[in-house]
Amino acid sequence: MILVRVIAAILEGVLVLALPPMLMSIVVKTKAWFAGRTGPPWFQPYYDLHKLLNKGAVYSRTTTWVFRAGPIVNLAALLTAATLVPVLSSHSVFGFAGDVILVAYLFALGRLFIVLAALDTGSSFEGMGASREVTFGTMSEPALFLSLIVLASATKSLQLSEMIGPQLFAARGAVGPALLLVVGALLIVLLTETCRVPVDDPATHLELTMIHEVMVLDHSGPDFAYITYGAALKFLLLGSILLHVAFPHPAQSPWIDVPLRVIELAGLAAVVGVIECSMARLRLNRVPLLLAGATVLAALAAVLALTGSVT
Amino acid sequence: MSAILASLAMLLGGAALSAMLSRMARLALMAGVASIIGASIMCLIAAWPCLAHSSEAAPTTLAWPTPLGEARLALDGLSAWFLVTIALLSSTVALYAWSYMQAEINRGPVPALAAFLCILVAALILVVTAADAVLFLIGWETMMLASFFLVSFHHRRREVRRAAWIYLIANHLGTALFVLPLFGMLAAKAGTLDFQFFRAALQGEGRDMTTVLFLLGLFGFGTKAGFMPMHIWLPVAHPAAPTPVSALLSGVVIKAGIYGLLRLLSWLPALPARCAIVMLVFGMVSGCLGVLYALAQHDIKRLLAYHSIENIGIIGLGIGMGMLGQSLGRPALVALGYGGALLHVLNHALFKGLLFLSAGAVMHATGTGDIERLGGLARMTPVNAGLFLLGAVSICGLPPFNGFVSEWMVFGSLLGGTWGASRSAAGMGAMGAISLALMGGLALACFAKVFGVVFLGEPRGRTLQAHATPPLMGTAMFVPAILCAGIGILPGVFVPLAGGGVRAVAGMGVREFGGAMQPILTSVTQLSLFATLLAAIIIVLLLLNRILIKQAGATVTRAVMTWGCAYAKPSARMQYTASSFAWSLIQSFRSLLWPQRKWVAPVGLFTAPSELETHTPDMAEQDVFAPLMRGAGRVFRMIRTVSWTGEPALRAIPVDAGGRARPARVLVAGVVTALRQGRIHVYLAFIVFTLLAVFIMESLSSRPLSAPGSPVPISAPAGGGIDDGGSK
Amino acid sequence: MSAQFITDAVLVLVILLNLGMLASSRLATGVKLFALQSLLLAFLPLAEEVLEGQSPGLHAFIIGAGTLALKVVLIPYILLRIIRTGEVHREVEPFIGFTASVFVGALLVIGSFAVAMRLPLPMVPVSKLIVPVALSTLLLGMLTLVSRLKAITQVIGFLVLENGVFILGLLLLKQTPLLVELGILLDLFVGVFLMAIVVYHIRREFDHMDTHLLDALKES
Amino acid sequence: MTLFLLVAVPLVFGALCLVLPTSPLRMAALVAGAWAHLAVVIRSWPSVETPLRDDFLGLDPLGHLFLTLISALFAATSVYFVGYHRKRLISQRVFQACILALLSALSLLCISQHLGLLWVALESASLAVTPLIYFRLGPRALEATWKFLLMNSVGVALALLGIFCVAIATTCQRNPVALTIADLVRNAAQLDRTWLRVGFLLGLVGFGTKMGLAPLHSWKPDAYGEAPPPVAALMAGGMTLGAFAGLLRMFQVCAAAGLSAFAGSWLIVFGLISIGTAAVFIVGNNDYRRILAYTSVEHMGVLVVGVGLGSAGSYASMLHAMHNMLNKGAMFFLAGFIWRIYESNEIRAVRGTLIRSPLAGVLLLAALCATCGLPPFGMFFSELGIVLAAAQTGRWWVLGIFVLTLAVVFVGVMTALLPMVFGDLPENSSVSEAELPSHRWRRWTMLGAATALLALGFGLGAYQPHAVRDALARAADSVCRPQAEFVTLARTAEVQP
């Protein structure tokens, strides 16, 4: 029995690690479908990664070790966070009371190093991107934490796998509409953190308007592979948190749970693709408004949840 | 206890020796440094049993008569925790100062600096170990005085004099207006100055009384700690002081304020929730505004000073949740809140000390602290850059370093508060958690800015000549760096040490506390696992990177220019500046900060030199305290010169302005002339009027001013009642 | 004519002299009126002793003689000398005019009587008038001090004030030892002597005696 | 015999000053007189237990404490004066004789147990000071002298009136009461309350004028600003103590008669007004000697507030009296030294003392800290003691105003005087006489005297031997509990649980 569990866990882990580029591919395919094109092959992201990993790297004179540490620490932080987030099943690999804070701060650690790596190049474009990244990252933080407060007070736990696991399913009736608001807020946070339209446009090539892409202009080879994979992994982690909140599953067998989640994730990727097709990127100075909206949604949810939970 | 006495004696001896060796600056410095390090070791020896075994040294009475009685020392968990903080940082700073101050020997009174460093450390030790009010206040004021002299080291510079003045005034006002009355009230309630009786004496007090005591303590100690808006001395004093002094100020001196607050809380019986809410609000405001102001600074030490305010805010959040837990009767919140606050005290001392020392090394190497002129130091002083980065990661509260552990605990208490039975606790917890999250994000932005602009990229100053960090300075900085990493990686070892302090503040029993602490410890130990995991993944990824590049036989191209998006000749001056980096965030919070921007836009085809300058003045200083001081000065001048304008009266009213002055003016002028200062007649008239006033008041009330119900404890002699006889 | 009556009459005369000093604008007149007042007071201790049915003791005699020598002879002599050597002999434009100050003085006298009624003496006094007269003399001396411009007049004001204290002291002949009384007198004399010297210097330094022009020392 | 010597020794040496032919000899006589007096005082210490008698003269704890303080101040000043003196217009003989006469008068004041005699001594003291204020000559000194003389004469006359009123209060009894403190205290219960109260109030105004309590203080800045600094030191540290002693004698009688609540309230009112007035006038002032005068007003206020708070505060008050003497002495000594260097009373003209004369700069800093009541200087303890006493007696308003006004004074003093110490030298500063190598001895005597007083203040604050504490406590006891049969030695400002 234990063996089965271990095997299942390993299989799930492998699946989690393999899934992120596919989600990116789904987004791209969706956009292509809407545009009436075929789009790149389904496995194009994997080809890209393979190509990058086997290429040499170019380092500017200006850069130091910080430049190289950036992608590595970023990816390491995200991978560590992945052990704490219940991605496909309702269990995470590890977990302890309070790990939700660790997850949030691991994301922040990754961001810090990416930003520093960008600044290390000494280019004004990358500095611009770094500035925008920290600005929007900071502004999305209240929304994220307010959402977490709602979940924490609904499940009376600070362990992520409990906050969005079966306990949430049990408590969803008590929290009710607050969860819907949280889903909205988390969706905006997801779009911001993963740099999708309407906050950022990963497909554009105008340096002045980009955020994430312009930060990583100077990276090449394996470093760039780490960054690309890291971005996809972040999408997966945040996306699965969002889905756990949106569709809480009761405690059930992983054989049902996992495929369901995979389908949901694919759906989420498709939705993101649809969003990218259907609206334009916001002007940069309108983005704070969007994030403020997310914060207000989450705050409303928190007020509902806190006044509801206090009896 | 004898170890503490030995360390005090050592420090005083060191101070005396430094003062006597004023002709031989190097020897004096060495004497001071040696005595501080020795004393720190003694302090650690003294504090260790207290922390490790939760044993408490009994209060000791010194046979040392002060004018107001004997002096008493005591050491409990709280004292020991702060003692360790003091010892760790001051020994580091002393070691650093030995190297750093060599360059200043011909520029300032280094022996005096060494002597006052010793005195400062001694005063700090005295503050945290004093067990009666007089000794505490002696230590408290000596600490202020010593640091005042240290801040005015470069007293020939105008801004340094101003900073030292603000430091002195702000701190003394806090002490005189709030701390003295606080101890007066405590002593009056308890009937003694001995700390150990305060708690028992206050047990039956009403809520209003405890609230008043708490507020006095909050304002008095909060001025030292640097809570907004009493913080104004902090951002001016830190940049003005020499680096070792800044590190001590930020690392331990402001913590003395926190110590005072916690000591006060240890005497007060369960506080009403409103006190906790006040504390939390102060914490949130200090934290958020502190980090926002920090983001807007260009001077590296001023920026770090504002971060101290932010971290004091975080500590305040922890204390507030601890208080809330006490008033709601939830030991878990108490343990997390106070524990987080205490741990953050130590952590902040370590990483802020490290950051200040590192910033000092930058200034030592380049001669400037203006971050807009720096850049690319990571290649010139790689060790220093690494240490600064470590400090930056710690102060942002990011794993796997120590800042994360304490912020984690504070977060735990804040989030834990949201599912209590109390609506106020839930609301405050939620708001606290959001502000803490916001602080984290802003701190990240701020340190990305500092580290990125100072150490990365290309040097901005055309002639930036940086020399390497002297080895001794680097060595000194490794001490806090190792501790930062150590506490972050092994929190399970360090967190329990704060237990004695928490118990002392909350007055909890060992068993109750143990029950509350157990789940926290279980979780905290887990953190080491993730630190290890993170490190392991980093190593794996690093190796993978290396192997891939090697195995593919691919080339690593170096020595190319950064991709400038097809711009052919980028220069160092085109880099993103710190102001630009922070501007979008500052702009978003402009309604809180009121940044000022001076912009000369480029116009036309052949543009004239254009410039952009941003400046964010401190609101509390510019809009509250400065007008207050000016207003007070003006009122006093009006009283002095007997006029409504503050101008000397006769100058304000022209005596013969064409002979057509209105009657009212003539009358006013006449009265003013009569009252004009400096006339013997007015002097004499004052005597007459005083006499009249005294007798009129006396005949109006047979017993003026003696408040009813407050008997004057003067033994009435036999036969003499209080009755004063009939009126005249 | 009983001693009681004499005492009362003398005290009333003292008040009148006070008012007269307020009314006079000539400096020399003021000094002379003061000398006259002191002359009257010098005999009061003796009268008091007589009144109580004792033969005038050495104590009262010495006090009287001392007062006579100092306040009637020596001090007026010094003051008159200073006045004579200077050019200014008149008080001009005091802060409170002459007529007004007589009225204010009269009000003060009435006030002193009112206050004295509320201050019952614990013993039987020689004369019921002593306390009110002492008070009014004191207050009129102060009035002179505050309202007059010339240094000499202020000295006179101080002397009158001192006379007020002296009158009250009449109640206490038995309580005060002779040595102390003499000390008081000596101090008074030295004080006035010093004042005279200072007035002399003022006149030499400034060419005037107007103390209201001495206002260089003040808050800027 | 000792009592006689206390008064006679300075007089003899003063007379010697008048007749000695050369300046160094006269100077030697001045120093010898002051130190001989100190020697006599020290010799009289064992006799401090002398009980109160019906003598005119006697050494009770209070008088003895003040006598010691005054004698020590004169000893230090005499040394200081060796370095300070220069040939001036007024005859040096008179100057030195006046100083010794002042010492004699103040000694008489401290040992006199009779109110009338006390008055005589006080008036003699102020007469002896008058020529000293005029020492520098010129219109400004003259004006100051005139103001001082007139104000003090009026004040002292009022004090005499007050003493007479107290005397009248004694006449209700069958057997006459002598005006000695002991007798008054013993028969306090039988005194007439109304006249006693009138007497106290008059005495308060009278002695208050002499002490310089606001609003009777107005002569003080003028006189202290114009008198030579050593004289100002004697006045601020010594003569004010004499006037305070007079006030305390009155208070003693009132306390014995059970009027301490009444008297204490008035003392507190005057004290607080004094501190507040000092605060208003210090902030923004540009004349350092006037500022020192206002700090003297402030410290007088602290003294009377302490006594007014009763037994808890009067110990602090005695402590304050001691440190006021040490501090005012040192402060005015330094002011004199700085005046010698910069030749200006204006703060704006005085910059960078720390650079120009490091020792003077350091001393000035220390003296500033002492003035503002920072530890371990003694004023910290006395002011803290008063705060504690106010809290203990539940007078929160007194506590609040006291703390607030003292804080304002702190701000004012520090803001005004710190710039004198720090910073660069003013431009076009010329080398003054005191800085010439040939005048090094001048510097040493001047700064040495200041150092001695400051060191004493520092030492007695940081470590107060039990003997000193007992002396202070006994004096405080004799003020507040003059009728106590025995003197408790271990009484402190704190109350044991």
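Observations, loosely collected:
A, B, C and D are the chain letters, set down in written order, and residue numbers restart from 1 in every chain.
Note that in this section a contact is a pair of C-beta atoms (placed from the backbone, for glycine too) under 8 Å apart; a residue touches a chain by one contact, two chains touch by 3 or more.
A quick note: this is a predicted structure, and the numbers were derived from the prediction, not measured.
The set of chains touching subunit C and also touching subunit D is given as B.
A straight line joining the Cα centres of subunit A and subunit C is 100 Å long.
A straight line joining the Cα centres of subunit A and subunit B is 38 Å long. Here the CA centre of subunit B is 40 Å from the CA centre of subunit D. The distance from the centre of subunit A to the centre of subunit D, each centre being the mean of the chain's C-alpha atoms, comes to 77 Å.
Counting only residues that touch two or more partner chains, subunit D has 146-147, 150, 154, 192, 194, 198, 222, 281.
In subunit B, the residues that reach two or more other chains under the touch definition are 640, 678, 680, 684, 687, 728.
Counting partner chains per residue, subunit A shows two or more touched chains at no residue at all. Listed by chain label, the pairs that touch are A-B, B-C, B-D, C-D.
Against subunit D, in their complex, subunit B makes its touches with residues 64-69, 134, 137-138, 141-142, 144-145, 149, 152, 155-156, 158, 161, 164-165, 168-169, 172-173, 176-177, 180-181, 183-185, 187-188, 190-194, 197, 629, 632-633, 636-637, 639-640, 678, 680, 682-684, 686-687, 689-691, 694-695, 698, 703-707, 710, 712-726, 728. Every residue of subunit B that touches subunit C in the complex is listed here, in rising order: 640-641, 648, 674, 676-681, 684-685, 687-688, 699, 727-728. Interface of subunit B with subunit A (complex): residues 375-376, 378-379, 382, 385, 389, 393, 396-399, 404, 407-408, 411-412, 415-416, 418-423, 426-427, 430, 433-434, 437-438, 440-442, 444-445, 447-449, 451-453, 455-458, 519, 522-523, 526-527, 529-530, 533-534, 537-538, 541-542, 544-545, 548-549, 552, 554-565, 570, 572, 574-576, 580-585, 588. The touching residues of subunit C, when paired with subunit D in their complex, are 119-123, 138, 142, 145, 151, 154, 158, 161-162, 164-165, 168-169, 171-172, 174-177, 179-181, 183-184, 186-187, 190-191, 194-195, 198, 201-202, 205-206, 211, 214-217, 219-220. Of all residues in subunit D, only 146-147, 150-151, 154-155, 158, 188-189, 192-194, 197-198, 201-202, 204-205, 209, 215-216, 218-219, 222, 255-262, 264-266, 268-269, 279-281, 283-284, 310-312, 319, 352, 354-355, 365, 369, 372, 374-376, 378, 380-382, 384-385, 387-388, 390-395, 397, 399-400, 403-404, 406-408, 410-411, 414-415, 418-419, 422-424, 460-466, 469, 480-481, 483-484, 492-497 touch subunit B in the complex they form.
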